[in-house]
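Chain IDs A, B, C and D follow the sequence of writing; residue 1 opens each chain.
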Amino acid sequence: MKTMTPYDAIGEALAEEMRRDATVLAFGEGIATKRHDLVAEFGAARIRNTPLAEGIIAGTAAGAAATGLRPVVDLLFAPFLTFAMDELVNSAGKLRFLSGGQFSFPMVALAMTGAGWGVGAQHNHNVEAWFAHSPGLKVVMPSTAADFKGLLKSSIRDDNPVAFFLDVALLHAPGEVPEGEHVVPLGKAAIRRTGSDVTLVSYAKTVLGCLAAAETLAAEGISAEVIDLRTIKPWDEEAVLASVKKTGRLVVVHEASRTAGFGAEIAATVAEKAFEALRAPIVRLAGPDAPAASSWVLEQAFVPQADAIAGAARTAVARAMVLATA
Amino acid sequence: MQLIRSFEERSAASFAEGRSPGTCTCVGQEASAVGVVAALREDDLILTNHRSAGHLLARGADPGRLMAEVMGRATGYCGGKSGTLHVSAKELGVILTSTIVGGELSLAPGVALSVSMKGGDEIVTCFFGDGAACEGIFHEALNLAAVWKLPVLFVCENNEWQAFVHRRETMLTDDIASRASAYGIEGRTVDGNDVEAVLAAATEAAAKVRATRMPFLLETKTYRLRGHFEPDDQGYVDKAELASWKARDPIAALRASLLESGALTAGGAAAIERRVAERLDAAFTFAADSPWPSLDELTTHVYA
Amino acid sequence: MKTMTPYDAIGEALAEEMRRDATVLAFGEGIATKRHDLVAEFGAARIRNTPLAEGIIAGTAAGAAATGLRPVVDLLFAPFLTFAMDELVNSAGKLRFLSGGQFSFPMVALAMTGAGWGVGAQHNHNVEAWFAHSPGLKVVMPSTAADFKGLLKSSIRDDNPVAFFLDVALLHAPGEVPEGEHVVPLGKAAIRRTGSDVTLVSYAKTVLGCLAAAETLAAEGISAEVIDLRTIKPWDEEAVLASVKKTGRLVVVHEASRTAGFGAEIAATVAEKAFEALRAPIVRLAGPDAPAASSWVLEQAFVPQADAIAGAARTAVARAMVLATA
Amino acid sequence: MQLIRSFEERSAASFAEGRSPGTCTCVGQEASAVGVVAALREDDLILTNHRSAGHLLARGADPGRLMAEVMGRATGYCGGKSGTLHVSAKELGVILTSTIVGGELSLAPGVALSVSMKGGDEIVTCFFGDGAACEGIFHEALNLAAVWKLPVLFVCENNEWQAFVHRRETMLTDDIASRASAYGIEGRTVDGNDVEAVLAAATEAAAKVRATRMPFLLETKTYRLRGHFEPDDQGYVDKAELASWKARDPIAALRASLLESGALTAGGAAAIERRVAERLDAAFTFAADSPWPSLDELTTHVYA
């Protein structure tokens, strides 16, 4: 194990994949300035700065991906993806299908998001659910340095377009990363803590809140299982259903706004496929249905906190007991 | 050109009889398609748009498989999933067709980037309309291709219409090619109804792109003689304008000039029409007799 | 009552609101060509054709809305909204909040979608869930001619940006519209049929499938309640919860792809707030997680049909009986 | 200009001391802001972007409320919700600030449409950067404003940088104003570090927009003397380029010329600096002492 930030883990993943495969290249607004070590190793043709134009960055990635390259594009912050939606959704997401399978789009779009930088809703908007709802795309949102590296490597190797979200609050916090080749498969959740009374499902920064809540709950004799989805699409239904069948209670947590957030998909799937196992209402804890403010105090309050998660878990466990004795 | 014209007219007639879905025909624009495509090498790549039949047929597409695609049949170029509006035929080098106006512009630089990174000397031709030239992605695509020195021949088929809006309602300038200078690249306007002129201009432009690896913006001035999408009664079209362009029909003009020069005889012209008709009879029969896709296809080709 | 198509009902709503309020205007790619009667009545300044550029159409609407006008923009087909996401989501949706309430954005964006025209996924993509997940926006998707008119009038009068989706399959089918002033409030569902055994919740074209299924079920002695949401955001939680508390079973139906579709929000909310009332797993019937094909047979098969809806309702009713006797 | 410079330098210092969040300062670009804003009428409207302090202060914004906004306090222009990057002050006519690069361009034509429909003779000024000129929305906004004859003075503050990318990496041309011709409108480039020149050019341009109700593209050539967003060590900036622009500091240049002409004395200059310092002392104290927004504000102002 070595210790590094997710930001550096991303750099390492890029370097390793570029070494392994000459068709991998990366471009974006400033990536060549910020990652000059990669320019030094791979040359200016494979790490490129671009004009300030997200649409053509994403479109160029899609055109290149369909014709033999494996581009990684840095689109900076998630709200800027709004300028690249046609290229990501209509081209990369649909032209494989509409062409009857003539093309594939092995590309990765990186975008930062989430509370942590105090710059407001035009930089901080958790839109992973948009992309999960867009056929043809995969969606990744890691919580650990090791996963940033391992999932990015898998995303680059995947033959589908991947929207890869970077939670800014995590990006510069050092964590452990295994030495040597480290690849994490897409679509597999990580059970961060096993438990038997309640299942906490989350991804990105709120996984930390779930772990803190689980700690608190443990002290009270409540055993919480914490699942980190890591990949939002395809998501690991199996792992979540197995856990809920064991615990009978589900709390879903994410920073994205609650309404039509990805937590709804998780809750709905469980309400359909593990209904009989449920011993309490499914609870979602999520950001409010509001843009994120810049003001530090408001930005922090937007994110579901460990206390609230523990509270929801407690209620679920209590309610289930009432139901069981009714 | 005659094959394209007849294909489109039959397609419109077939729609009118309820035997196939509506399409965006390129009637009136055949010289632009044929002139440009004839100027390209076989290994050059082409991106087109919703009005693609001319580009595809000029590139040698099988009219049977093309009509089958329009009809949504399993034997079409895209297995019926595309239908008329996004027909790609990778085997012909006609790729990544998008019906999003501007989609072709967003994708072309990336295709040219692949060519560049592989070190090939192919060029990429991107057909788009005067309407697409109003989309922001036009600006972004030309600029990126210029800055990154990508070998894209941008061909704007300026047919004076953007669906139900006249080009004059959408821009103050007359030419689109003159916008090239904003990106530091070359541009040129050519009479898009004169196939010889288009061929000459496209040959020169393609040679420049191939040699310099820099983009070039070629504008072919032409006109959409049928409506936007079948059915379209063109009630909103100025009659004098339409008539003046009908008088400049590119196929009639070519026929007249070939007959006059003696390169074509009346008998030869009739023979061409007959051959085209026979080919299209077979094509439309093939398409109509082709099976529908199986319902499994609902979810195939979504993920690789 | 008079009979007219939703297309004409929209024209009537526009005309009435433009007559009532001089700040209402409409623009889009071809609207002045297609609705020349409105040009004749209101002049070329208030019904305008635009250049082919969705971004600036939506942005201009947002800028105008914030400074005293009430624009309605016709963005044609929903996939073209991908070119207008910054303007709709980042500007119209967020600048009220980010400015501390200095601006409001009374505007309506119209977009067609859904199976019916055989033109494939770049014209037919049901993305209402994207907008429901975007704070600051409202989302409307009617199923009857009367609602097209009445909801458009409310949307124009609303001080918030509204994404108004037109299901193409419904647009040219005549229906009844009340004479005179007819305004339908946003956020109120319509109970299209009352019933006691199972609740079918839907919106747009699949409401018709639900009604047909309810008919079939009635013949079998199963009483289905059919709720037409009409407004997706804010949606009428109260009506749905009340119905489920009565019937104990919920089937949610929409054409949009299942994964992270709006049906998930409905199911998740019910699994949280009416959990104890549920007597069977919540079932979602939705389009597959795939783009829509052009081929007629595939396009039709994409949409949940009455048979499947009736089947799901039957299973729900049967399962609940099993549970009740277990 | 001195107020702007000092505000920004104190803001950077305050960030370095951990007392306020990072900002995009406009150090080096003060002449562009002051020259243009001085050319406008009080009832003209302004749209700006992430680098807005110059425009706001030139328009008379209260530095205390501005710094309170940067610090995310309840007393800021936007109640702390905006923070530094999207400060609007409707009371000053500085509206709809967006930190999405190009956002201001997308909104300006609509504001001008409102003005036009009301029949007023105000004009709308839209400040954006050379980076924004690469976004497709630049193309769409200028084109729509031209076709619809909207009174927008587009002001491109070309400061040679787009965050961490040099302008030369993003376009082949040197001027942005020359793109005006692609839209059939007028454009002009002016030395953005010479406040008198900017004022003269902006006055002329504003008068044209007011009289003709047609858009105009004015480009002020200037330079971002501090980094993109605090902190920024400018390690990636060419030292010679930075030095050459530092030698052309707009404030030093103005001071020198005023001293030379006798319009300003050394004592007068010192007095200005003292007044500015006092004002900013009070402003920064006001901001730092201001309360945070209440947590209820999390969900206010979402829906009207």
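Assume contacts are C-beta pairs under 8 Å (C-beta built on N, C-alpha and C of every residue); 3 or more make two chains touch, one makes a residue touch a chain.
As the structure is a computational prediction, the values presented were derived from the model and not from experiment.
Taking each chain's centre as the mean of its CA atoms, which one is most distant from subunit A?
Centroid comparison gives B as the farthest chain from subunit A.
Could you grab the centroid distance between subunit A and subunit D? Build each centroid from C-alpha atoms only and quote it in angstrom.
Averaging C-alpha atoms per chain gives centres 36 Å apart.
Just how far, in Å, is the C-alpha centre of subunit D from the one of subunit C?
41
Mind checking the centre-to-centre distance between subunit B and subunit D? Centres are C-alpha means, answer in whole Å.
45
At least two partner chains per residue is the criterion; list those residues in subunit B.
80-82, 86, 98, 100, 102-103, 134-137, 140, 143, 147, 169-171, 302 - these are the residues of subunit B that touch more than one other chain.
For subunit A, what residues touch not just one other chain but two or more?
Subunit A, residues with two or more chain partners: 50-51, 53, 55-56, 79, 82-83, 86, 90, 97-98, 120, 122, 135-136, 289-291, 293-294.
Which of line, ring, star, complete or other matches the graph of chains that touch?
complete
Over in the complex, which subunit C residues touch subunit D? Could you list them?
On the subunit C side, the touching residues are 23, 25, 45, 48, 50-51, 53, 55-56, 58-69, 71, 86-87, 90-91, 95-106, 135-136, 138, 158-160.
Which stretch or stretches of subunit B touch subunit A in the complex?
For this pair, the touching residues of subunit B are 45, 76-82, 86, 88, 90, 95-98, 100, 102-103, 105-115, 117-118, 136-137, 140-141, 143-144, 147-148, 300-304.
Can you list the residues on subunit D that touch subunit B in the complex?
Listed in rising order, the residues of subunit D that touch subunit B are 134-140, 143, 146-147, 169-173, 178-179, 181-185.
Applying the document's contact rule, which stretches of subunit A touch subunit C when the two form their complex?
79, 81-83, 85-86, 89-90, 93-94, 97-98, 120-122, 125, 127, 129-130, 132-133, 135-136, 233, 256-257, 259-273, 275-276, 278, 280-284, 289-291, 293-294, 323
Would you tell me which residues of subunit D are touching subunit A in their complex?
21, 72-73, 80-86, 98-103, 131-132, 134-137, 162-165, 169-171, 236, 292-293, 295, 297-299, 302
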